[in-house]
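Before anything else, here's the structure in question.
Order of writing sets the chain letters: A, B and C. Residues in each chain are counted from 1.
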Amino acid sequence: MTAALTIDGIGVAFAGFKAVDGVSLVIEEGELRVLLGANGAGKTTLMDLVSGRTRATEGHVFLYDREITNRDEHQIARAGLGRKFQIPSVFKELSVRANLEVASCRNPHVFANLRFGFSRAQRRRVDEVLALIDLGDTADQPAANLSHGQTQWLELGMLIVQDPKVLLLDEPTAGMTQAETHKTAEIIKSLRGQHSIIVVEHDMAFVREIAERITVLHLGRVLAEGDLASIETNEDVRRAYLGAAAGHG
Amino acid sequence: MLEIIFIGLSVGSILLLVALGLAITYGAMGVINMAHGEMVMLGAYTTVMAGIWLHLGFLASIPLAFVVTALVGLAIERVVVRRLYGRLLDTLLATWGIAILLQQAVRLEFGLSFFGKHIRGLGPGLQNVTVPPALTGAIMVGGEDVNVYRLFIIGVTAALTALTWFIMYRTDIGIQVRAIMRNPRMAAACGVNVQRINALTFAYGSGLAGIAGVMMSGFKTVFPDMGTSMVVDGFLVVVVGGVGSLLGAVFSAGLLGQVDGSVASLTNDVLARAVVFGLVILIIVIRPTGLFSFKGR
Amino acid sequence: MTIQRRLDYLCYAIFIVAILLVPLLLGDFWINRMSKFLVYGMLGVAVSLCWGYAGILNLGQGLFFGAGAYMLAMSLKLLSNTSMQQGSDTPVPDFMLWNAQPGAPTELCCINHGSWLWLPFQSQWFGILMGILLPVTLALILGLIVFRKRIAGVFVSIITLALVLLVRLVLIDAQPLTNGFNGLTDLGTLTILGYQFDAYGLGTYYLIAVSLALVLIGARMLVETRAGLILQAIRDDQNRVRYLGFDVPVYQLFFFTVSAGIAGYAGMLYVVAAEFASPTFMDLAYSITMVVWAAVGGRASLLGACIGAILINIVAATVSETQSFMEAWKAVIGLVFVLVVLYLPRGLAGLASDIGERIEARAAARAATGSQAAAMVAASRRAP
């Protein structure tokens, strides 16, 4: 097996507070990893560090053999790492199809894009993804008209069009109905094998549906790693996360 | 040296006088009110008109100008600004339209000049205001001649700044304004009547501009376009200081005033303004959020 | 191609034919006026490209317009008779001689500090070249700093506003070089391949009309490219575009610079039609007025913004025959502007497209029977 994403001892401190403190993770090619952790455990910050939003003060990140530590966001994205945000962000004034077309531009340079239309291969890819995320009927409507769930799928679709090596999905089911959550799980499962995926999630039903391996973060450190059963029976995790979750409920 | 510092202080206090109202409307409400300069203009004209028609003295015009401009501000908020919350650039453009309207209203004497009727004190011409003799002349401070009227402006600015600080940080209304500043939706959820507070804030900010207008009328000629350059200066002060920061506005008005004053004494007024603009661009580029800023929403 | 887009292209075609035919109906005086208004139309295109498509509200568009205008005006000034009658072999601007120190040399190289900057402008082509190059370079430098620092929204507006006022003051302060407040007047005539572009002639009108047509078509083509699509995506959500792997500042910079180039070109054309260049081009009011035109016409429509600029000016010129009417017109503009922002945020172009859609839907309803069928047709119209 080859490692698709290697996070090696990464960390960052905000005004002395270590939000992520020396986290190491290895995601194998084609693996689907779920990241768990209570609020403030450092999940989103970890995503920020990997995707270039936040600069790391220590450690390294590799995408396959290539070091991407502290590169600009667009460089990391071009290297093959796609990220979906917690609050879905799409281009509201553009049509659903145009949203995907923007993502399908292979060459990021402005002068390379001074041309009209898209190649047949690109259009086919956009159609495929439209079918996958089930937005074929609304392809020509502005993205602003989509429901919350559909918007999430569209953003997911934009990443899929790009065919990234590694996908970071930050709470892809946030705010979704049960049916929508289920469908999202289907989409993510269909990507398994072709992409290496990290999913940050709170919804345990969803996690049970998709999870193979789980990593639990707590206070900026890796608390435990293993399959679903071992995590659910892990005493540390119970105390740190499930206990906290019970406290919420 | 002392003289230059004093001139800077005096320029800075005028800047702050104009910027104070903007700091509140922009900071608290996220509204770029391009008609703010016209509020200053209306304040100045209120002084002119009060002198001609009501035989009110200069000092008595201060509360009157506050009331007049606050009411105009209230009307603008009710009719236009209220519909545009959250659309920052649109408010900028709409209030620009209002600014032109107000200028033309004064210049055309509310349209009466079409019918050959003229109101003394209005119209396209220049107006002047007489300042009470007690506020003219100079006194000796520390071996230097100091212009009394400039001293008066510094005093009024300090008093208004203190009053604004008191309202913002020591009253119930102030805490509601600050809540809206940070997060209007949350404030509304906590029972703050956001619409009412916004209207009051806007009226207060406009009223402050009106007082600034009275002060201006004491040492500048009064004419319909006088507000245009002031609103720009005011914004630069607010943006450099950091949106929503009263302390920032005070500090940046002081800074820009000193720079303007000292460059002007070395070269000329035009270059001094150019240097101030350059400095402002530099500061915004280096610190887009301003010198004193908090993370708001 | 959708019907909507076909109608859109039809409007472009009608507009271009219209501006080419208009001189048949007008006398010399109005031809000159229309020449200027078409230049304003070009400014509308520049503003719409920058504001409507890139989402950058540049309140200093006058900087680029003025830069273009001054560059050409400097060349034309040296071509003017007024620069020739000074007893020197080479032309020297008359105001420089008026302002010269007693006993100063009367040669352009050294009449005052900095007058040598005028030397290359003895060639008209240098002025023309700089008329594009200077605004583009300014935009590149400004954009590079602003967009790399991820400065956005109102802060860009304030920086551009402060910059145009800064340049205006420097221009006024450099009175010996620029003639200060008075600007450059008494200009010579632009001559290309032996043809003289007289401000009141048809030649100038067609130079401007054809330029506008080309700029309009070019800008439209630009926003139809993939890059244009990406630009609109950036306007909607910068961050998302960044995380899709695009270098956002480069795109913003590109379109900002193109917009500046158009404004600079417009500035040059304005000098040809108006025969002067003045610091008023860099007044705050001038730059905001351009934005007003674009907003009234429709910021998100290149053609709409262009027509908005032309229409407002035609109406203004028609009603403002007397001074007091002109002042009243300003008040009307203020009012119109408030109303447009409040009730027509997409401007006249938005209104036109809404009306077009409604007519289309009604026609479809008449063709089909029953309201449900009509809705289906209306829906299928949206499909490619």
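The rule is short, and it goes like this: a residue touches a chain if its C-beta (ideal position, glycine included) is under 8 Å from a C-beta of that chain, and two chains touch if they have at least 3 such contacts.
All values reported here derive from a predicted model rather than from experimental measurement.
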Among line, ring, star, complete and other, the chain touch graph is line
By Cα-centroid distance to the whole-protein Cα centroid, the innermost chain is C
CA centroids of chain A and chain C: separation to the nearest Å works out as 44
Distance between the CA centroids of chain B and chain C (whole Å) is 32
Chain A and chain B have mean C-alpha positions lying a whole-number Å distance apart equal to 49
Interface with chain A, chain C side, in the complex: residues 221-222, 224-227, 229-230, 232-233, 235-237, 239-248, 250-251, 254, 382-384
The chain A residues in contact with chain C across the complex are 51, 72-75, 77-78, 82-83, 85, 89-94, 98-99, 101-103, 105, 108-111, 113-116, 118, 140-141, 155, 158, 162
The answer for chain B against chain C in the complex is residues 32, 80, 83-84, 88-90, 92-94, 96-101, 103-105, 107-108, 111, 113-114, 124, 228-229, 232, 235-236, 239, 268, 270-271, 273-274, 277-278, 280-281, 284-285, 288
The residues of chain C that touch chain B in their complex are 57, 145-146, 149, 151, 153-155, 157-159, 161-163, 165-166, 169-170, 172-173, 284-285, 288, 291-292, 295, 324, 327-328, 330-331, 333-338, 341-342, 345
